[in-house]
């Protein structure tokens, strides 16, 4: 695509949403976990979209802060047969059936014993729950409560063909250099099996954001985009890069649950007043004034690590329906019908808007004492009538706050205007030598 | 008048309002603009009231920050005659008929052509609009929409006997010295033709305030009172005095729209928390608790210059009905019936109250540790009964905040009492050596 | 009692309230004033409860800041007889009958003259008012309005057998040493005659708090507990200890009106944001969310001295029904039926809770970067299901704020949890070397 075509593509084009939904279909069947082939396959798929992506591995047993990289989980097949030899549960049909990190087993057992290893949701009888046991050896199967209730007394043949053994944990990152060494960081996770809003929407929207950022000519900031398994991955990443990130990251977002159409949501950084928070709040106000505001106490993803005491990166979260707050969360109902082309595109554009704000945010200062004479520059109506200055009111309001202490985002809020609508005014004022940009890193 | 008579006169006497309304009648017919004879006549009239007033002039073409002093506009006559020779519009009848800074013309033209130079208000068919074109050469006439609709096809003789040529811009100021070199600044404009609330009320109330201030024995602050054409005048004034004003002005008000009876209004300085703002808010709360509070975004007079970035003088505005917010604004309906003796007096007293607060605001500190024993000084009831201390409660509350960090105005707000009602208490406490005044500039 | 028995006793045991109400009955008959035998008897009674209590005296005439220790008032008897020789008013029946600090008199007088020396409350015809005249020589009797209206014309024999002469003012204090020299200070007054909520509840609850504090093993803070006559006593105490108290007192409460059951009340220190204020607000929120919040302008007891400018001790007040705000205040209706066993116990426990918060408040900091792996320590569910982390949510929230800048009380408020419920979590985290305590004085 040409530069212009790219700009059109990334600016609300219908194909943008469709392309993301297609990516979701591609990634749907893969059985991801925090380690293993599923995560690797997913990262390889993303690398085909972003060739500069670097895929890294850390050996099992490596100490990362208070944690240790776990053994790798290889899962080949998992099913339960009844006496007639019929597979009544098979992870080939839905990879949520197998409890994550299940140990191998090949055993006949009674329904009574089997029941101790089955997980279902009486309140959501149609849903298969999503369950894992990363750090304690277990095995188990998940199924709908309806199916569970239909199981008959008798013996069952339980087979899990898995291995848990030393290997590696994989993650990937790409750094897109900008004019400044200061960085904007985007992070998403690639460790859940077949779930749509609470898994695929994150890496897909992040991949598309990476492609959009790569298409920006001469970005001001350097952009760091990270694909990791949740929790253990962000801890591992921080253990390798903490000081650099603390020195250079000025803003960023954790990207998750960004594909449905029900609402927009904001979860603050721990600090709550970082540039990321201010940009997210301003962007969402203009994307959908009814967006939901959560608090730090509602957190639940990698901001837990990024904003932990002593780490304190300025990472906030912009979501559609927040994890834990929609009924399909962590069940088989969080499927490809929950996320939509429009839902993904809306999520993409909300985060894109926040990033654009961060990218363009600067401090300007008037060069001129008192109001400039806009009239002789053709910027002000020369005939003074009632209301004749309404049209330049925004420009005058903007200038009145350009005192070198407030950034563009502060001024947008002070004068009640959309950040983006101020940008052309800034251009005109710079061209006319009415304001100057203060040094900015 | 004797000192006592002056005090009575300036303290809510009915003649105060009447005298101001008489001044309005005197000044009404003058055709003011930002330059020229009308402004000079007006300043001369004011100088007769305030003999110490100094009238200054700046030559056309002088650079003042981003602006240039315009040529002077001399207007001798302006009328339109119909074919029968009858003057159908004549600025002698109402000087709003002529567009400010109109070029000379003496020409017959069809109604069709003439219409391009006529201004009227379809929504206010009885009102002649007020229109100017200072910085672009034009000519035009303003009339009521009713009259406009009555004009018949045919030719009209249009005559404007005006000149626009190098001259001067005039303004005036007076500095009334006080104990301190620190200044309180009052500014008003003298550049609109016959309009009452949005022109005459400002210089008239300001003139009366100057006379009141001149009658104060040993004022603490030095008072600077400025009469200027709006915008170009304040810019010119600042270009001549900026650093001194930044160094010495501690508070002040722009005075405009201060003569009707409908409401009181407050417009903050850009900073919003200056002494001027605090004093205005406190004064208006006790003058009329229903006063309207505007924001910096609603500004529209010389505070635009005084509070501009890098100028940042502490200038707020106390008004009656604010410019742009009453239907008669910038039309012939803003006439002498809109401002009243009571309206002007109320406006005078609201600003006077704010100035009194500024003049008397100090920081006091208790000399005594713990509460003083007011009883032995006859300041506290010696018989302790229920409610027996109510009468000294205000005094005790005041003392309890005299810690040397809060000024009198802060304490008035903290204890919920009218600033003026605290002053006699301060006197008593000073006399009894219970508090001391901290050094104040 | 053994240590365990003491802990049970001071922790909501029914006998705690009963014992306090019994103390009230013991102290009820004593005719206290700011000096004299009543105050001394009261202090002696308290010393039997707290043997370490030191009783001090200051001679009449001693200068204490702006005040002077008054002469001592000795009152032996006071009555009025009618012509038939019948005592119609006798302070033996109720010591509120005599105006505090009444001069001696032995005189026959008409009802007309007598009436000038009688005080009653027309609005509360059943109540004897409480009246004093410490600093102006007077005499007088208080009686119910009903009795007053029943007095018949004729002569009355008025006898007050009193002396006002140089003596001493008494007060008492006890310092219970802790690990730190920093102090928590409790102050109450012992100068009112027979009133229950607005007198006895204060010294009684304070006495019980002193006994509880003495039973704490190795308290962190040093506790200073003061029994003084109101106003003159706190001024005298401050005049003797001001600099030390300013250097060492980190928190404290004035204790008064703490025995009825109608409500809980909070009155801030002048500063309003001290540790005492924060602890009181947190404690009361969990004791009774409907507690009443007063302002500094509602003050009326010794906080007037403790928080006066230049003294500025961090003293707040936790009360039940506040002085001046309940109808029985300063009358004979404030009697032993107004304060109850439950009322006193509730008051005790509210202040005890605030003190426990102050005693345990510390700053903690995570030792670990990123979240700790609670699972391998048995502190986190190893099976990850929907809602499986709810049980450790409080712990995780707590850790997420342990950044070394917020104390335990700040964090309790930030995460919306009762301070006391955080303490076991702190223990576990310290044991597991997840957090460390920062140095604290």
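Annotations
Note that the chains take the letters A, B and C in the order they are written out, and that residue 1 is the start of every chain.
To be clear about the criterion, a contact is a pair of C-beta atoms (placed from the backbone, for glycine too) under 8 Å apart; a residue touches a chain by one contact, two chains touch by 3 or more.
As the structure is a computational prediction, the values presented were derived from the model and not from experiment.
Between the two copies, chain B and chain C, the Cα superposition rotates by 120°, quoted to the nearest 5.
Counting every residue number used by either copy at the chain A-chain B contact, under half are found in both chains. Separating the CA-averaged centres of chain A and chain B is a span of 56 Å. Looking at chain C, no residue sits in touch with two or more other chains. Note for the complex: chain A touches chain C at residues 65-68, 100, 119, 121, 129, 131-136, 138, 231, 234-235, 238-239, 242, 270, 296-297, 299, 304-305, 307-312, 324, 329-331. The part of chain A that touches chain B in the complex is made up of residues 365-366, 368-373, 375-376, 382-386, 396-397, 399-404, 415-416.
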